[in-house]
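Labels A, B and C are assigned to the chains in the order they are written; within every chain, residues are numbered from 1.
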Amino acid sequence: MEQDLATLAATVADLKAKADATGTTFSETFYFLTIPLMILIHAGFLAYEMGASRSKNALASGIKNILAFALIVPFFYFIGWWIYWAFPTGLDLSEGPMGISGLAYANDVALPWSPAMGPNLDDRSSGVFWGAFVLFAATTASILSGSLIERIKLTGFVVLAIVLGSFVWILAAAWGWHADGWLVTKFGYHDFGAAGVVHMIAGFFTLGVVINLGPRIGKFNPDGSANHIPGHSMPMTLIGLMLIIAGFWGFLMGCVIVPGEAWSWSSTIEGTIYGTPMTLAGMSFNTLMGFAGGIIGAWMITRDPFWMMSGALGGIISCAAGLDVWYPPMAFVIGFLGAVAMPFVASFIEKRGIDDAVGAFAVHGFLGMWGLLAVGIAAQGYPAMFGEDVIETSFTGQLVGAVVMGALGFVPGYAISWILKVTGQLRVPAEAEVQGLDKTKVPASAYPEGLQASVSPAE
Amino acid sequence: MEQDLATLAATVADLKAKADATGTTFSETFYFLTIPLMILIHAGFLAYEMGASRSKNALASGIKNILAFALIVPFFYFIGWWIYWAFPTGLDLSEGPMGISGLAYANDVALPWSPAMGPNLDDRSSGVFWGAFVLFAATTASILSGSLIERIKLTGFVVLAIVLGSFVWILAAAWGWHADGWLVTKFGYHDFGAAGVVHMIAGFFTLGVVINLGPRIGKFNPDGSANHIPGHSMPMTLIGLMLIIAGFWGFLMGCVIVPGEAWSWSSTIEGTIYGTPMTLAGMSFNTLMGFAGGIIGAWMITRDPFWMMSGALGGIISCAAGLDVWYPPMAFVIGFLGAVAMPFVASFIEKRGIDDAVGAFAVHGFLGMWGLLAVGIAAQGYPAMFGEDVIETSFTGQLVGAVVMGALGFVPGYAISWILKVTGQLRVPAEAEVQGLDKTKVPASAYPEGLQASVSPAE
Amino acid sequence: MEQDLATLAATVADLKAKADATGTTFSETFYFLTIPLMILIHAGFLAYEMGASRSKNALASGIKNILAFALIVPFFYFIGWWIYWAFPTGLDLSEGPMGISGLAYANDVALPWSPAMGPNLDDRSSGVFWGAFVLFAATTASILSGSLIERIKLTGFVVLAIVLGSFVWILAAAWGWHADGWLVTKFGYHDFGAAGVVHMIAGFFTLGVVINLGPRIGKFNPDGSANHIPGHSMPMTLIGLMLIIAGFWGFLMGCVIVPGEAWSWSSTIEGTIYGTPMTLAGMSFNTLMGFAGGIIGAWMITRDPFWMMSGALGGIISCAAGLDVWYPPMAFVIGFLGAVAMPFVASFIEKRGIDDAVGAFAVHGFLGMWGLLAVGIAAQGYPAMFGEDVIETSFTGQLVGAVVMGALGFVPGYAISWILKVTGQLRVPAEAEVQGLDKTKVPASAYPEGLQASVSPAE
């Protein structure tokens, strides 16, 4: 019988190795898949932005978008990832209560010569986490990108995109989207789906930039009234927005910590980045209901397909901070209300003489804020962190978070664009703008033939 | 040694928790991933339908498509999901042999205040199943949508889309795509990939509607001969169709029950929704072979890229009912034959004076029926359900299923569109149709510049 | 206590069944998901090629692309898959050292009447592997397709696509992308991500074809200088290229062997197709860094968005052979250098009077070669295969591999296109080319209205 026991122990050991291998490979795959899904966000943004530009600027918009994505990758590799792990407790580089932050920790896991920062048979997770974060970073830059089309200089844009994508948003994430983040540990800030640390940051940064950048020529009349400057292809924009919605599910997967690994919060159930439990099932309900509410709300106010698809995005953003906890009909209502407000916010901005070409502040900045506050209003009292007797979500915590996110987005956006402005790197010359950026800056042509009626078909 | 045994038992208990966690998280992820994949179907339908419209109607078609998706989500949450669980045995709300149907069961799992209908740490599957079903529902509405472009009133369309997406198809699914469905338990109906309950239902519903809706102005000449009214962008339509094909794989994943969970049919192998075993491997073979046969068949008959991509879809639909059982070369042949017949069916309908703008009846209605009957012809005698000594698939069973699906689709489509017609809610006024719906109904413009030959590139 | 032991043994047996089921279903799903992701590559190629054609040829390009995909599926089912398993050791059909090759093995697993070649409850992997390989095959044909647009005969193209997709590349894969491949076992050839067996083969095959096919009318002036013939929609081309990038991650997943199954190399960690260990994490780092380097390099040289997105692809291809081993900043440099060279290679080819319409030789042929040699230069000395005391990667091995791939691609491409040329099946008549292939060959029209400025929006 001793023999039997030894045999069984060996079987169990084998089985454990097998179960561990399946678990680790699955969890790696889970994050790996977020990358192609989020690249769909970028295919979508590319279509969206080119379509939202007049044809004389379509390729210049595309170039901006593609180049920002490319530049953020190495910057995030060399600097952004280190910032995320170094600064959760503030700016003093100290270690937080969970012990996964501070100077020593960041140096250990995120310096470019750390073993974790390359192929490594003993660390099968850092690379896929990093990949998901890079795509988050590129998404923040894409949010900025659309608002600046048709008049920004490429140099100026590139600087702004790198600052936002590799510094600003990741500092916000360290503070509010990290288990050691001071907004979380001190204020119970809850932002499951990055409504604040991605959308609000990017939206407020954009607001700061568009103020300095100024409106496109022809956007405002001498009496201050605004003209609508439509893009050259609304169908391209709408298809792009639907691709963004598809890719958004990869973004949301990137907000989940799967169970059972050494770095997991739980051995049994998915968690938020804060360690509180959640399920993909709940997220499915709420994402779809927020999406639907957003479209319907925007349709009721505008009847405009551009705003309907912006409302689809805006509905999800409105629910993002609490996607893990909403009751689904509540998610519908929150998305609906956000989308109803959205066009008025866009109009309010426009009335102030600000030209936000695609409404990024309304969709991302304002609705990201709404998402944070909605958690404070309707989802108070949940434990905000992993562990026993922890701080709870509260309206105050969400409000503090919203103020921090607004300031952390707006101030650098405004300040850096102001510096770029005074150094002449922000805006193209008026002649180039009038002629179109493609003619003056791009050695290619969007539609060299125009589109004539095609030849008649072969019989 | 008793000590050793206790230690080992503890190890095993840990291991079991770990294996359960991996299994549950994986299975949740499996269904979760169907959602973004199926949103690609909607990005595809959006491109397809806008491209298939004349440019004067492109945005109106897009709005219809987006709004239908949005409205189906809450309707399916509040009503559709409950119907699926309540009505499998017919209309008497009784419980079926598997015990997962009837009034009590539906009230337990699918009422909006049921714990299963929101975030719930003890139920990690309902939300992802529901999400997959919602996307199925939205797909049925999109099948309808394309045929009605360029002349339907938004009100009328919205009513029809909700009825089809939240009531009709899900009743069909309860009857024929549920282990307690009476078509399954009494007739051995086999419809693995929803050829009947999605495609045939949607196609026949559409047929009922287009009869009442009537043809577009200019579609038929006074002598009854038909004109071809091409859409404004065939490339957009083709790209859309290829995105639909990509997303279709998510649809097919949603037809699979993974093993090893409390709700699984088997602890070891994937099953159909009926509990019969299948593999993803077999489905890969047959989907690709049906796809290829469909393109080649349509190409041989038409040489037209629109029909080739419709044949790609049609080839998969032709094989859908038996994707789990076909021998792959047989799947090729079934897809090929279906696609060869498809253009003739479209032409037959057209000759009857019916204007089905994108051929939805031929592609979905007719080929869904062909798919069901093909199982009856060439895959008789398989067990149709989980368990021992169960009813088998048969030609009779498939024929009964096809008749039921045809009637269940056609009758409500015809009846409701007739009511809408007599109440003046079905069709836009002739002037609006002639001018274009975008001009009269949409506060935005698809291509405000047209597409002039672009500026010459910068040197 | 004996009782306890028996109970525990039963628990362990149950647990093992459960863990095996999860592992097998997960691994099947892993490969299954590569299929829809790679269909995105085809949606992307379709957009890319149609956009890169003048509008008079847009649909003809699309038809070519769709039909090639369709034809490769059955050819790969009936022949290609068998070739892969039959020929690894050369052309003598013998069995290699790993015992998974040769006549008997191929007949066992890959003949159309083999049980593995259809739904089979005992073989849950063959179908998903086959599916991934078919999509690889279709990708090779799509690489070829773009270069030949606007003047190739459909017959000729179809023959070439089938030869490349169902014979040539899969023979290359048998030799260099198989654990029994003679290039691997004898020379330590390392080509993790198919830089040689897919990209270089397809690029060199294409070069052979375009030499015989000749330039488009108007491409070269009487003095030999070249004109740029731009496609009709650069935005469509760019969006297509970004969809290809998204789908590429599915391609790369198809290069990974997951652990823990009967056919796996390891019970604990992912492997390359050669059995050497790797991680998805390392692949994420290197793919993103190569992508970024490629865009930035191409942007610095050209400022042209077409080349920037080609550089995105080219950067990944440059790193593909060593995606498992690069240090990420090295991947950035390799992608950057490749993309910097790429436009010069394209220009070099053009100066020789060769019209490669989309630069497939430069992007795929040349950069695939660069990828192979980069491994020889900077990643020598890794074990090239599974097992102890095995051959190592070396510059010589990579050089031999590159020569073989170049010849195996170029020779059949040149020879078959020469035969097609002399038999009059390669090129359309000059009148058809001038009028446009859509007018002469396609019973449909890309843009029947052209694109007029749209109607003004409803107020």
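We adopt the following convention: a residue touches a chain if its C-beta (ideal position, glycine included) is under 8 Å from a C-beta of that chain, and two chains touch if they have at least 3 such contacts.
Note that the structure is a prediction, hence the values are computed from the model and not measured.
Peer 1: To test your reading of the model: what rotation angle superimposes subunit A on subunit C by C-alpha positions, in degrees to the nearest 5?
Peer 2: Subunit A sits rotated relative to subunit C by 120 degrees.
Peer 1: Call it same or different for subunit A and subunit B: same when shared residue numbers make up over half of all numbers used at their interface.
Peer 2: different
Peer 1: Would you kindly tell me how far, in whole Å, the mean C-alpha position of subunit B lies from that of subunit A?
Peer 2: Inter-chain centre distance comes to 31 Å.
Peer 1: In subunit A, which residues are in touch with two or more of the other chains?
Peer 2: Subunit A, residues with two or more chain partners: 1, 5, 8, 12, 15, 19-20, 22, 26, 33, 37, 40, 233, 441-451.
Peer 1: Any idea which subunit B residues touch subunit C in the complex?
Peer 2: 1-2, 5, 8-9, 12, 15-16, 19-20, 22-23, 26, 30, 33, 37, 40, 54-56, 230-235, 238-239, 242-243, 245-250, 253, 258-260, 266-270, 277-286, 288-289, 291-296, 299, 302-306, 308-309, 312, 324-329, 332, 435-436, 438-451
Peer 1: Which bits of subunit A are touching subunit C when the two form their complex?
Peer 2: Its residues touching subunit C are 1, 4-5, 8, 11-12, 15, 17-22, 25-26, 28-29, 32-33, 35-37, 39-40, 42-43, 46-47, 50-51, 58-59, 62-63, 66-67, 69-74, 77, 112, 117-121, 123-128, 130-131, 134, 233, 236, 240, 441-459.
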